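Each of the next two complexes has chain A plus one other chain: chain B in the first, chain C in the second.
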Partner chain A sequence: MPEAQYEFFIDPSRCIGCQSCVQACSECDTHKGQAMIHLEFVNRHYSTQTAPVVCMHCDSPTCAEVCPADAIKKTPDGVVQTARKPRCIACNNCVLACPFGVPKMNSGAELMMKCDMCYDRTSIGKAPMCASVCPSGALYYGTREQIEAQRPRSMPINQFQFGQQTISTKVHMMVPRTAQPEHIDVLSAMHDHTSGHDIFLMMHDE
Partner chain B sequence: MAQLPRSELEMIAVFGPHLAHAQGQRLEAGVEPDRLVKTHCCFCGQQCGIQLKVKDNTVIGFEPWYDFPFNQGMLCPKGVKRYLQGAHPDRLLTALERDPASSGGFRPIGYDAAIQRVAGEIGRIQAQYGNSAFGILSGASLTTEKTYLMGKFARMCLKTPYIDYNGRLCMVSAGAANKKSFGIDRAANAWDDMLHTDVIWISGANVAECAPITTSYVWRARENGAKIIVVDPRITPIARTCDLYLPIKPGRDIALFNGILHLMIKHDWLDHEFINNHTVGFEAVAEHVADWTPKRTAEVTGIAEKGIQQAAEWWGTAKTSFMTHARGIEHHTHGVQNVLGAISLVLASGRIGRPNCGYATITGQANGQGGREHGQKCDQLPGWRDLANPEHRQHIANIWDMPVEEMPQPGVDAYEIFRKIETGEIKGLLSLCFNPKVSLPDSDYVSAMLDKLEFYTSIDFFLNDSARHADIVLPGSLQEEDEGTVTQAEGRVIKINQAIECPGEARQDWRIIQDIAQALGRSKGFTFDGPRAIFEELRRASKGGVADYSGISYEKIEAQNGVFWPCPSDDHPGTPRLFEPNSWNPVAKGAGPFYFPDGKARFNVAPYTPPAEDVDAEYPLMLTTGRVISHFLSGTQTRRIGPLVDQYAEPRIELHPQLAMRLNIQEGDWVTAQTRRGEITLRAQVVRTIRPDTIFVPYHWAGQKSINRLTIAAQDPISKIPEYKVCAVRLIKASQAPAYASQLEPQQ
Partner chain C sequence: MVKRHPVRKAILWGCITTISLAIMIAVGSRELAHFDAALVAYTFATLFATFGITYRYTMWLQRPPTAMYWKRGWQMFFKPQRLLTNMRNLFTRTSSDFAANRFIWKRGKLRWLAHWFIMWGCIVAVAITFPLVFGWLHFASVPGSLDSYRAYLFGFALFDFPVDSIFAFLMFHGLVWSSFAVIFGVMLAMWRRMRDHGAASVQQFVEDILPLILLFAISVTGVMLTASYTWMRGYAFDFIAILHAITVIFTLLYMPFGKFFHIFQRPAQLGATFYKDAGATSEQAHCRRCGEAYSSRMHVEDLISVQKQLGFRYEVAGEVEHYQWICPPCRRAMFVLAQTKQWQGNFGDQMFSSMHEQPAAPRFGNPVISEGPLGHEDQANLHF
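Showing the complex of A and B:
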């Protein structure tokens, strides 16, 4: 089957924080011994909720756009790669600019490193390590048809709004089918005496 | 023996636990393995399929095994990093003899000399005090072949009644209740029956951390519309997104099940046809739960009445359902009663023995299922036969070619073996795949009893915490150094394949046992040339028993990706789903689907009793224990694997912020927990995901970090499982860091 049909889907609601993805990421041949994936407790004091973040592989990668050394390249099939070693000047621009917080600076090697969707595997038709081992299906690698058949309650989205910037990504995020993507505007959330409009953002109360 | 040969710190310095991280060929990119070996993980009861990458007789990594049906390539972090247990700096490469003059308390000795010494001591103790003065502790992480051999070794070679195993700490409450209710102890279904069910009920099972791949079945079911009910004192990761979470007070599960059945009866959410035709005893149970009103249930369980009503309605009105539980309801002095309560909900609903309707305990150890079937339990013979039953004894005596009158009668459970050391009845002990000093409750007592033995020998691949007390340590094998079968949580018999040879003078465990038998001059019955030969005898021994393996072969396992027992003949495909209508079994002989002469399942009255040690003014809180995802059992393996220790380094005390505020405890503070057995000082983890009247501590660590020094040795009167899941405790803020904090690495 042509590999282009396989896509990467993230469903944070399924994540159990087990770190299989982190442990398996460090087994990837392109960056052995180092995990590129991020797995964070959202707030362990309140919840066991965790969120895994792989590189979203943006159509117009901000990391590459802000790179003064033109070190970050995208493959023809849309995978944004770790910085090219001879070019990377370890300036940290990409680390600061990525809206998803993905790139990591390897200070020892003076090199930005990031998830390359297990290019050594995916380029030859194998699933990435993290999505292979994930016990909960929070990370999934498969076809659009498969994910739609297996997850009727949710749908994939790949457009994200950061301020004025709209970002389209190769990787999809699964969201509840009933929810529409919303962009919150500070004005719409403020109390307005004239209209009686009163919206509270859902914040922890402690 | 008296005490450790050297101080604990000196022994740790030599024998670890030290950490292994990937290096050399394990870290280099692009290393082509010599071969990929399809086998299974060495850790939990799910037994995920995995392919080990082997290079130069070393496991250097893994590749997912996508085609194995249970896990389809999925693994938890333990499975991912399990390869680091091989070629480990702490690996025992020779036999060891206790020697206080040596820096680590042991000196290497030749393998043959060690075997002679062990056989000599067994012979001496048995000649001096009788056969029953020597005991055996075995384990449920061994292959089924080894567990079969251990039972045979005890009964035929040593002729001692005293053998038991660490499954005693695992799921024996479920096993006993299953036998009382169904006449058979096995998960009733493959997990596939979860996928299209209306309701999944999970009681006392931290699925995401202890059976991680089962999560994918639960999530897939949820995606198909199933409602998930989770009962637990903590909001575990599986509880976080369930449809209904019931925060039960530890030790009150039977009260909840009785309360749910009460509501099912009140609303007539019952399958009368099934109850009438396929069960007995419903009336007595119905009468017993008449008093368990929602109000009373709420008072006892500490769960809001609304939640109890909602759970009863969802469970009661479902068309299909899957009931599952684990140690959370089983580790109690009334663990059997708790499980009987869960089974009553299944039987009253009639939802068992058909597609999408299921029931199972989630077994914890690698061979938790197979390890409890073929004779290493104190009262059991192969094929789930009964050591006290004259017919069963004769059947096995014939297979073993031994006089039946020489076969010992049933012995005692694993904890009672230590009490028999105290009374002087047991003078010598051999342990394999069991680290009682960390895993048994009230473990300072266990240490003292190990020291009281005249002779103790331990077989292991690392010097585990109990083996530090040994006179002779024999270097055993890692899972990847041997082959054999195990039976995973669903009842699927699978094949462990050998990937590498044992290093140094280490030997496969079955060879060590046979070498001891030979050195004793009792080699008859212990001349197998490999696991396959043991399995062939096991097949014959199990034939006609409840756990009938006679139709299973290594080839059939490979061809079918596992075979579900019972499998009574060569042309039988195995039995993924038990209790199907019109199914045949050797007890009912066609009278019905359950394993009783009338073919009917049994309802059992399960009265509520509080925990053995309830809270009081002196010890006002409840202590409960369990696992974390990156460690396994007593940590002998996982506390030596660097990335798993990095993930969760040291035990912490989980407590609710309300309790923390009352005791002036902040996140990260040193706090001391005290019970009537002992005390422990660990750092606090303040989280809103636990009941404020309960604290939780994981049990994988040894010495000053071992919570089992505090747990209670009270046991269920039927299953003899210890009450790990609740005892009374008090908590105080510590004035300073414990001494170990500056002396030990996190894993030590």
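Showing the complex of A and C:
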């Protein structure tokens, strides 16, 4: 029987902003005490919408290509690892170049740090910390069959468009099956504020 | 247009440094008069390592991002209006980051302790061994005085000292002390690598374990040589000497290829700090989505240039021009909002329509250091 192929699927629209992933991430052994996941309010003034962003582990990682110290390496199974400590010179190139805005800069330690998909866990078949605690399934680690069975109205996609550049990733994002997009055009949200519903409290006549 | 030949350039530089070192050995040892023929294998291994390290370093410098940083680092350092500050910073950063390994302390106390002992053990050992092997440094009896030694550097007499002095004991056992430091550091490093789950999951034998084994082997065999002639009447001295030579020569041959190459890459960290210093006081880049400053304009423009050289096509039609002009927080927000758009009309999600101003930059759900940003630089990158 072939070994199950586990994959990482993210569905930000399911995120409830509970911060479980942030706390769990900081417990990962490869970056003890520091959370690599980004969890942000997209526009807190108007909406509770939150954005959980993990490293998407690009097939051709821009962060690694622009690294002057050649410090970012990809494992044979496609996980783009955090900067190798002896090499990283903390230049900030990767932080600025990542199309998903993922790497963080630990200035005191002169070290870029980022999500490495909990390699200590995923390399032995365990789910990443964030996915193991996410109560809403915004971060999901499982097989293709499992996610398709649980979310029949969604489909995973791993092609993202940034201007003229297409980036394919190891991590998949869930989109509606009815939309059937070839890729997600990230710049299409350039002028979007946040999602939600306008609520008018009729407190004044005008 | 002149065609670039990176390999040819690297070979040329490799030959130049190797031949230069060979000439320096010949001249420094006074036409090999003070060269110890028994150490010839070490010399040739060093010459090979010199070629290999220069070759790799030249290839590395020709990568577009490295070439950009190399050039900019020097430009920013020698900028007349910043030169004095840079000189002061060079001294403080060399002391704190290189001599004291301050940044490794921040990465982990055990990691720091191990690295500090290994580094200083190796520096002392190299400072003693290489001049001796090259015949640049030698000792001879002082004419007319059998109780004194005279130290010579490049054939010039430096100073005399009594043979039985504490100074002589400490100096002639310099490699023993450095071996102790390296052995202690290697043991700590091995202990950490065996117990730390995070380290265990990402470490590789050739990259992380082999260097420790090599350093340990060199140090132990070196100490065994001293033990053999001091307490064991030279028992198995020849065998240990050959074993020691093999470990040292293997390490020299491994240097250009493995983890030890970071010794030569690491100083680039200084260039990065001068570049960032200059960027912090120059014009800032403002995000073309939220309008907030997120980096120096110079850095963003350099990065655009590097990305083009690497074949990336992040150009964007319209006012944005290039994706690099969008700040990292807005990239994350757009990434999520682009998915939200896909769901629009499917299950009732909708975008706010009542806002007409520029979209706001997202804010971390938990802005505590470690949970959101990791430090002051992250706070600037992420608009805190």
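Quick notes
Just so it is clear, the second predicted complex is superposed on the first by the 176 of 206 C-alpha atoms of A that agree within 3 Å, B and C clash if a C-alpha of one lies under 4 Å from a C-alpha of the other, contacts with A are read in each partner's own complex, and residues count from 1 in each chain.
Going forward, a residue touches a chain if its C-beta (ideal position, glycine included) is under 8 Å from a C-beta of that chain, and two chains touch if they have at least 3 such contacts.
Not measured: the values here are computed from a predicted model.
Contact with both chain B and chain C is seen for A:Gly17 once the two complexes are overlaid on the shared chain. When the shared chain is aligned, chain B comes close enough to touch A:Pro135, but chain C does not.
Contacts of A:Ser47 after superposition: both chain B and chain C are touched. When the two complexes are overlaid on their common chain A, residue A:Lys32 makes contact with chain B and with chain C alike.
Chain A has more of its residues touched by C than by the other of chain B and chain C.
When the two structures are aligned on the shared chain, A:Arg151 is found in touch with chain B, with no touch to chain C.
By the touch criterion stated above, A:Met113 is placed in contact with chain C alone, chain B being left untouched.
When the shared chain is aligned, chain C comes close enough to touch A:Gln81, but chain B does not. Shared contact residues on chain A (touching chain B in one structure, chain C in the other): 13, 17, 19, 22-23, 26, 29-30, 32-33, 44-47, 49-50, 153. Of all the residues in chain A, the ones that touch chain C in their complex are 11-13, 17, 19, 22-23, 26, 28-35, 38-47, 49-51, 53, 62, 65-70, 81, 85-87, 89-93, 95-102, 104-111, 113, 116, 119-120, 123, 153, 160, 162-165, 173-176, 178-179, 181, 184-198. Against chain A, in their complex, chain C makes its touches with residues 60, 63, 65-66, 68-70, 97, 103-104, 106-107, 111, 196-198, 200-202, 259, 262, 265-266, 268-269, 271-272, 275-276, 289, 294-295, 299-300, 303, 306-307, 310, 312-317, 320, 322-324, 327-344, 346-347, 349-355, 359-360, 362-366, 370-378, 381. Chain A makes touch with chain B in their complex at residues 13-20, 22-24, 26-27, 29-30, 32-33, 44-50, 127, 129, 132-137, 150-154. Residues of chain B touching chain A in their complex: 21-22, 27-30, 61-62, 64, 66, 71, 73-77, 79-81, 208-209, 212-213, 215-216, 219-220, 222-225, 235-241, 629-630, 643-644, 647, 657, 667, 685-689.
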